[in-house]
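Every chain is named by a letter (A, B and C) in the order it is written, and numbering of its residues begins at 1.
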Amino acid sequence: MPQLEIKDLHVSIGDKPIVKGVSLTIQSGEVHAVMGPNGTGKSTLSKAIVGHPDYAITSGDVLLDGRSILEMEPDERARAGLFLAFQYPSEIPGVTIANFMRAALQAKLGEGEEIDATAYYKRLYQKMDMLKIDRKFTSRAVNDGFSGGEKKRCEILQMAMLEPKFALMDETDSGLDIDALKIVSDGVNQLRGPGLGVLVITHYQRLLNYIVPDYVHVMFDGRIVKSGDKSLAVELEAKGYEWVKKEFAA
Amino acid sequence: MSTAAPSVDAPSVGDFTAERFQRHLAELKGAPDWWVTRKRAAYEKFASLPMPRRTDESWRFSTLTGLSLAAPESAPAASVELPTLHDVATTARLSFIGNRLHQSSGLPAELVAKGVIVTSFSDAARHERDLVEAHFMAQAQRLGSEKFAALHAAFLSDGAFVFVPKGVELTDPIVVGHAANGQAAFPHTLVVLEENASATVIDLFGGETPLAIGANDLYAGHGSRLTYIGVQNWAPSALSFQLNSTLARRDTRVQSLNLHLGGRQSRHESLSQLQAPGAFSEMLALTVAREKQEFDQRTLQVHQAPNTKSDLLYKNALLDSAKTIFSGLIIVDPDAQKTDAYQSNRNLVLSENAEANSLPGLEIQANDVRCTHGATTSRLDPEQMFYLRARGIPPAAAQQILVFGFFEEVLNRLAHEGIHAALRGLIEAKFRE
Amino acid sequence: MSTTESETLVSGIDQTGGDFKYDVKYDFDAGTGLTDRTVDYISSVKKENAWLREFRQNALKTFFAKPLPTHWATRDLENINFDKIRYYLSSGQKPKRTWDEVPEDIKRTFERLGIPEQERKFLAGVEAQFDSEAAYSNIKDTVAKQGVIFVNSTEGLREHPEIFRKFFGKIIPTGDNKFSALNSAVFSGGSFIYVPPGVKVSHPLQAYFRINAENFGQFERTLIIADEGAEITYMEGCTAPKFSTSTLHSAVVELVALKGAKIQYITVQNWAPNVFNLVTKRGVAHEEAEIKWIDCNIGSRLTMKYPGVVLKGRKARGEVISIALANDGQHQDTGAKMIHAADETTSNIVAKSISVGQGRSTYRGVVHIPKHLRGCKNNTECDALLINSNSRTDTYPAITVRGDANFVQHEASVSKVSEEQIFYMRQRGLTEGQAMSLSVNGFINDLARQFPMEYSVELKRLIDLEMEGSVG
């Protein structure tokens, strides 16, 4: 069964250590939530796992199905089944969503293989309908001039199309109103299943009412300081992060 | 510096001597007197003007040593490939080889009956004298190439003439092919749209030539809509000048897009005059600069009347050791209140030896205006690259997607799908070279 | 010379700040017009060495040889009559160290401009130049003890040649332009500053340049060297009374920031509307050094000034913050030059101009990133505000970037004061003029905040004065 294992991971930006030893194992089919105050390294953790060049892994390892991915290029990691739903997705003027997704799916195929255009569009439209995205969006440029909610829905659309083994969702709830939050969560819930592991990164417990996690981890100052089931999220919501800070501040 | 060469200020005519001009006139059978008179005046002007100097602001950053009027011409080629746009339906086609009319095909009879004219310039000079005389190079050159414009006017022997009368709307484009045959080329296209008319005119330039000086006159009458597309794809040895002139009257919409691909050194000058309220000129250009090509682009948006609008977007992609210059100026005259003017130059540098120069300028003499300009020069955005790679797209494919995305932003402004696709095909071909 | 005080002074209302004049007796006068004898006279009065005499004479030749730059600049330059200008006027060669020693007639001027008071309040040192020479120059003991040198140009070249000759005329060569050549021929006054390694001068050093005489040309020369890791803020203020004939101010300012040093150079000038103000300013920033020009130009008939930074060392930073206000009959032709010459250098230009009445403001910029540099960045923002329907603004940047590892961005906009905003303020009871002043101050607020507090208050007052009468 697919497994994503993070082993004592340390990450720096420039000379500054941000993630200071995180260990976490996600089995396929599980949903883990990482919560914590701003600036504790949650986003850094997800960017580092997918290989962003600004984030240097100084020690530790990340294993996908037992194999280290740290030597892999970002696109190799993606093709191996890792997906990051960005907190701030890039705007790419001039490149339509349809062409972009097609290029990404094409990249997964072997030499000489071509995507079947009819089947591709059929699937694309089906996923768009599921996420309540207007079909006109296929000819719009990726994220270009999108509202916050549209960007996030577009991220989930890509996740649905690419069918990753593990999805990392970086503050997917930020900037969403209640309706958009519901659509995005419904989308993720429909993709949940035995073939997908999910890591949800969030500041607020709110999202976890919609995407109910199997495990909750609290991150503080670059480390996971507490783990539990979904009741931990409720406890956090009630007591606030000050509680964690007091307990774990060095 | 202190060689015994003649003063740089001394007018130079290169190969275009007075004798050659006389021969040209002699060969130009049946030209009406008024045209010959204009030609003589143009030749005198050409011969009296100096070549561009290093201190000329309008030639800042240009490689002046490349501006030769004495490049060897070859004997006229026996067969020449005509430049075409694939899969684009047309209203009419004209083609020229070596400055002479080669083919003229098919203006539908009902359009002829409505008074539409698509013919050669030499024919129009005889039969549509009033129109041609009034609009031919009516806007004074003021962007630096006065000498070369005069040379064009002196040696021009043929070109395209398009006239669309009041209220007539043409849906498919009129396509004009200009093929050079080894000789100096002087293509010209003159377009006159009367009140509420609409048309799309496409100029295609290609073939071997040491020196090409092309010019157009676009006149958009009251309420008319004109789309002009120029595709400069001369052979790599060419020194090219492309001088575009737009006059926009009340409530017009003129869209021009110039695609620059060919030539060794290419100077493009584009002037838009917004002469009456409601005039709108959209000026677009795309350049793919490779190897040691130099593309030198100078533009002017002149707002002469209140409530006029202009929108300029010039995008250059630079590879190898290529060089581009963009120098644009928005002028808002003192009474042109409520002007809305925009000017943007984006340079995408894809090689460490390429050089992009940008001179975006404003001269504003009215205060109730919206005028902005911007210029950026950068490589591909690393965050965008990462985003694509995070979706599994390998680096080379990701780069290609982003470069075409860079151009699509301009091509998307075209309403005509077929032209859009054909131009994209030309850009892709240049990248495959 | 007339001995009457100017009318504004008689009226007793100091409306326009610097527009007053006391009569002064000059002991040294090079006469009117410019020849090699003028230059010799200046050299002799200053008892200069042979090399400096020769430097001046060569510069004079260059000045005569160079044409006016009217192929790009305004033809108004042709209205400067170099034969009618007085090139050197002073009452003595040695600046006084205490205000008590300064001759009464000169001291009155600076007292009225508030210089001694400012010195007491917040400055580390002051130099006050009156026409050609500094009348007063003093540096606080605590700062002098750290090894900081703060003298005028004559003293600098005479007393500390080992420090100043190495850089003098090297950042801005004589032949850089016609006016740098003129300055090199006839320069007098200005500040020479050296800050030793690691010394961070916490309070600003200030120079005040005052033109008092009619038909006069002021040509001060400033050279500031911040040694490795040193930090210094220098401020200059300039004024002149209104005369009916034109006056010329043509300074050369050279800055050198050695490794890790920081120089901040602040100018607030409020020249009378008859002054041609043609100044060349440039700095060289070495590795990880920073040079920041903060420049405010008000008044003058024509100002041409484009402070520059040559980013010579890795990770050097350059910045120009510029505010210009052009009123009727004035042309502020200002801008910035950023020459990148090392990897990972960054530069930033923010220029805001206000054109009032028929005033004209022009931005000219150069950003140059040559081949094979990597990781260089420039950001340029130019915003022009046009107050009246016949106000004018121009923008002429020139940007060259070679290679695919750099990022340059230029943006400019032109706008007028929002009528909605004015209406809103008037509904709250402000007059149209007050509302306009507030709005204009709002336009430059983010830049004004970069000036030291005392200067930004002054700036606001100057803008209020300039905005008077711009509406209705």
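In the analysis below, a contact is a pair of C-beta atoms (placed from the backbone, for glycine too) under 8 Å apart; a residue touches a chain by one contact, two chains touch by 3 or more.
Model, not experiment: these values are computed from the prediction.
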Chain-level touch network, classified as line, ring, star, complete or other: line
Chain pair bearing the highest count of C-beta contacts: B-C
Chain separated most widely from chain C, comparing mean CA positions: A
Where chain A and chain B are represented by their mean Cα positions, the distance between them in whole Å: 48
Between chain C and chain A, distance of the C-alpha-averaged centres to the nearest whole Å: 54
Whole-Å separation of chain centres (CA-atom averages), chain B against chain C: 44
Sites on chain C at which at least two other chains make contact: none
List of chain B residues in touch with chain A within their complex: 381-384, 386-395, 397-398, 401-402, 404-409, 412
Partner chain C, residues of chain B touching it in the complex: 55-57, 60-61, 334, 337, 347, 349-379
List of chain A residues in touch with chain B within their complex: 50-53, 73-75, 77-79, 83-84, 86, 89-90, 92-96, 99-100, 103-104, 107-108, 141, 158, 162
Interface residues, chain C side, partner chain B - complex: 71-72, 371-372, 384, 386-416
